[in-house]
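For reference, the structure discussed in these notes is given below.
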Amino acid sequence: MEIVYEQNYNPKTADFTPILRAANAKKPDAIYIASYPNGSAGLVRALAEVGTDAKAVGGGMVGLQFAGLMAGLGPMLNGIANYDFFVPEPTMNLYPGASALIDRYQSKVKAENLKVDALGYYLVPWAYANLDILGQAVEAVGSLDQVAIGKYIRDNEFTSVVGKIKFGKNGEWERPRTLVVQYQGITNNDLQQFATPGTRKILLPADISTGDIQSFNSLRK
Amino acid sequence: MKYTFEIICMLLIVGLFVLTQVVGNQFYFFIGFVILQYMVMATAWNILGGYGGYVNFGSAGFLATGAYTAVALINFLDVGLVEQMVAGGIFAGLLGLATGYLTLRLRGVYFAIATLALAIILETVVAHWDYVGGAAGTSILPKRKPELLGELIVDRKAGIFANYKEYLFFLMGTVAIISVWVARYIENSKLGRGLNAIKDSEEAAECMGVPTLRLKLIATTISGAMMGVAGAPLASYLTFIDPLSAFNLEYAINAIAMPMIGGTVSWAGPVIGALLLGTAQQVSSLWIQSELNLLIVGVVLVVFVIIAPEGIIGWFRKSRQGSRR
Amino acid sequence: MSDALLKIDSISKHFGGFTALSNVTTEVAPGERFGLIGPNGSGKTTMINCVSGLLRNEEGKIIFDGKDVTDLKPHKRTGAGIARSFQIPRPFHTMTVIENLMIPAEFVGHHRGEKGDDRAEAMEILETMGMAEKADDTTLDLTQIELRKLELARAMAAKPKLLISDEAMAGLTGQEVDEVIDILFKMNERGITIIMIEHIMRAVMRFSQRIICLDAGQLIAEGTPEEIVKNKDVERAYLGSTDG
Amino acid sequence: MAIFIDLLLNALVIGVLLGGFYAALSIGLSITFGLLDVVNIAHPTMLVLGAFIAFLLNSTWGIDPVLAGIISTPFFFVLGWLIYQVYYNVFEKSGAESLRGLAFFFGLLFIIEVGLIIQFGVDHRLVEAPYIGQSWNIVIGEEIDVAIPFRLLVAFVVAAIATLAIHAYLTKTFFGRAVRAVAQDMMALRLMGVDPIRVKRIAFAMGVATAGIGGALMIIVLPIEPSLGRLYLGNVFAIVVLGGLGSISGTLLAAVIIGIAESIVATFFGPSWAPAVSFGILLAVLAFRPEGLFGKTAGAH
């Protein structure tokens, strides 16, 4: 793959149209963006304002999973393919306890008016799974000996709200389970649409995919 | 006795060492390191700010210079922590000297803004320097085979210190004690008196024979070097470093707030400020809510500049004077 | 007067387009009591700032004690023997009165290789000013006249050959003015040359042996107090300034 | 070549718009710091507070953010009034060294920031308005297409109106001249029968009041979160100092210069170099011309 343009930005960049324009000038087929929330939102707006002829846009954009940004950006998200951890697609319901957990979380957020992610899909299941695995390991080992707990976690497979998890040699998951989703069919700024299936189709991993990738501009408007 | 203070310093260093041998829980060294690092930063800031009246807003830039000198050295030569700290001190000291030269016409707020600008420029440059990780940062894992004295230093079974946290804590504690000694020495020296004169009236000082430029350059260099030494172990402590964390404005505000709370006229001020504020921040962010540590700095700073403008030390002196009269 | 202590040789100073001093030449003899007068904005303060080194004159030379000091920094000139007071007192306000005096004693005296008891010498200066009791007070507790005296005392602690007194009497009562004049006479008796910049004519006329008058950055008159009083240019300069 | 011209033209247009936006962020500080000599380093964080108020009004009642900014302006005026009251009584009246005043505002900065975190959380917030995400394209010939994002255009127009109004107010009215005089000669004002403290209090309150409208523009241009103010701290000070203290028109011009410099650097070298450029300009100005580009009085003293 040939890289035609590569650039960094700094966190206080107020306007991202120059960077997108400079990228467009190199006529890329795909634009890969690795950004933090401010940059993610700025680039999504720039994509709406300047547009692009690239066929695929997205990648590692932190922030587009947040309830606040999703609602704020609304239809501007259409066509972007981005990483995610947990979305309300039917294939995600395979995991025992996942939907119950999210229901519980959302009602708690509402009841206690917590200033946190109103939807609770992005990190909640994984945060829960983190502690769940640690808890399972502590119970299995029967003590708080760190070395023994570490060994148990490395050697065993766990069942959790995010499915079966086994750690590989390098400490990462043996089988990567990060999702790649594509935003589509978003018509307004209502947050609740992101709690229903269809707005974020799972492209990868293949075994739980709910749609195929479509070109960026075919999903705009 | 003439050397009472020096003897107390030595005893404190021995005391730190004993602590590392007696206390088993690494967690205390983990938070102790931060408080001690702030003590060095506050003490260093106070040499220029408290004695000389020049407010440095760019403390984080000097700390980060130390930190990134260490990272570059690890990548280049794979040297140990002590060497990293010496090198960090040298480079940050040179930066201090350069800052002094560049800003020699600037006073008051202008100096403060120039130091802030300098820190931001440095941050931008570091964010583009891929050798030390660039904007994305880099991981620094404690080395398996340390150190100046070989494996003797850190080793679970045979070393002087059982783990890296203890070693970092001991080093930072020693640096803190040496910094306080240096600050106290300066305070009671010709340099300290000259800086005080500069703070009160730079023109009068110059006309009374004080070589203001030379003293300012010495102060920026020493202050910068201390901050660099404090910053050098940062990457090893965090095991990861990126420009955002190394250049964080929180270092700058703490370096200002701590001396202001303790009192800027004496070496003891920054020490008291760092102990109080540093401990309060650690406690609140670990056991209550992480945002609270910043709220504490803010509220305490505002309250202190309003009701106790000379800090805790000034407050004590005043109440003692009051009772005498 | 080839053996002058201070030679000001055709100096000029500009601020942007404004000419503050224009080609001023004069000399001060050793031991002389020298008066410098002129209306507001005539360049008096600019001139002594050039002599003490706080400002650099763009043209001309300043020779002190036989040495060219034009390019020296103020603290070097103080070391060479020029000391000054400030019109608006600038005490080291975080220090006590005696500590104020010990700054020049330490930085100038030690620089010259003198090793004396700084504190005792400072006390002696304070005694001649009648301020010995205030030695350990902070400067914030001082009255206006005490602040003026401190300015002079601190300058004296630098052991100068030439003392420049910049409007040390402005705003003082008649009795206080006399007190300051007495102090200046006492210093002069010790062999210190004194330049007095002053608005209070009575003081300048009584004190000075010789006076120069500046107007709009130019030297317009030079002579004994009697000559200056009669000088038409001086009269015009002062009357002109009171109109505006 | 046509691509180069296209990029350059766009960079210039965006730079000017960005400059207007920066001017709106800096104008308040230009009054409080430049004219009144009060180092309000909490100003950028007050802007963020203004942005959050605009967010609140927009998300609760759907009020247009610009209107929301106008609505919150009186609130900031009162806030500024109160802050100056404290600042004057505690620091200025006693002639306290500027170091303490500086520390006071530094503390205020963190109090506001954490207050926002506690109230709103650390999430990024956006507002909804019909002009956000749209742009106005001017096509010249085959290759050149200048796109003007509406959110920047709105920010620019509002900022231009606000700053020009303030500029006119300060130069044309009696009160405005009093404000400009207060920094130089308090005594003269007293002789004219004007209470300089009252003048300073109102002027400071005006400076802080700009955080209402400036904050609203901020959230129109980019998503905001509580600690965003810190990132702009250097930028607004750079603009005010570069423009020369006490010069409102200098601030405007400096904002546009920084805007254009950042936009051109962002286009041709990448946005990550932009802060180094603007701060490099600032440092150079401070080192060689401390009175700022358009200042008349020497700033170093």
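The letters A, B, C and D name the chains in turn, as written, and every chain counts its residues from 1.
One rule holds in what follows: contacts are C-beta pairs under 8 Å (C-beta built on N, C-alpha and C of every residue); 3 or more make two chains touch, one makes a residue touch a chain.
Remember, predicted model here, so these are calculated numbers, not experimental data.
If you compare B-C with A-B, the chain pair joined by more contacting C-beta pairs is B-C. Taking each chain's centre as the mean of its CA atoms, C is the chain most distant from subunit A.
Note: centroid distance subunit C to subunit D, computed from Cα atoms, is 46 Å. Centroids built from CA atoms put subunit B at 39 Å from subunit A.
Centres computed as Cα averages put subunit B at a distance of 32 Å from subunit D. Annotation for subunit D: residues touching 2 or more other chains are 118, 272, 275. Those residues of subunit C in touch with two or more other chains do not exist in this structure. Residue positions 8, 10-11 of subunit A each touch two or more of the other chains. All chain pairs in contact, by the document's touch criterion: A-B, A-D, B-C, B-D. Taken together, the subunit B residues at the contact with subunit C in this complex read 190, 193-194, 196-197, 199-201, 203-213, 265.
Within the complex formed with subunit B, the subunit A residues making contact are 8, 10-11.
Put simply, subunit A touches subunit D in their complex at residues 7-19, 21-22, 25, 37-38, 41-42, 45-46, 48-50, 63, 66-69, 72-74, 76, 115-117, 189. Considering their complex, residues 3, 6-7, 10-11, 14, 17-18, 21, 118-121, 123-128, 132-135, 147, 149-152, 221-223, 225, 228, 231-232, 235, 263, 266-268, 270-272, 274-275 of subunit D touch subunit A.
Across the complex, subunit A is touched by residues 124, 127-128, 134-135, 244 of subunit B.
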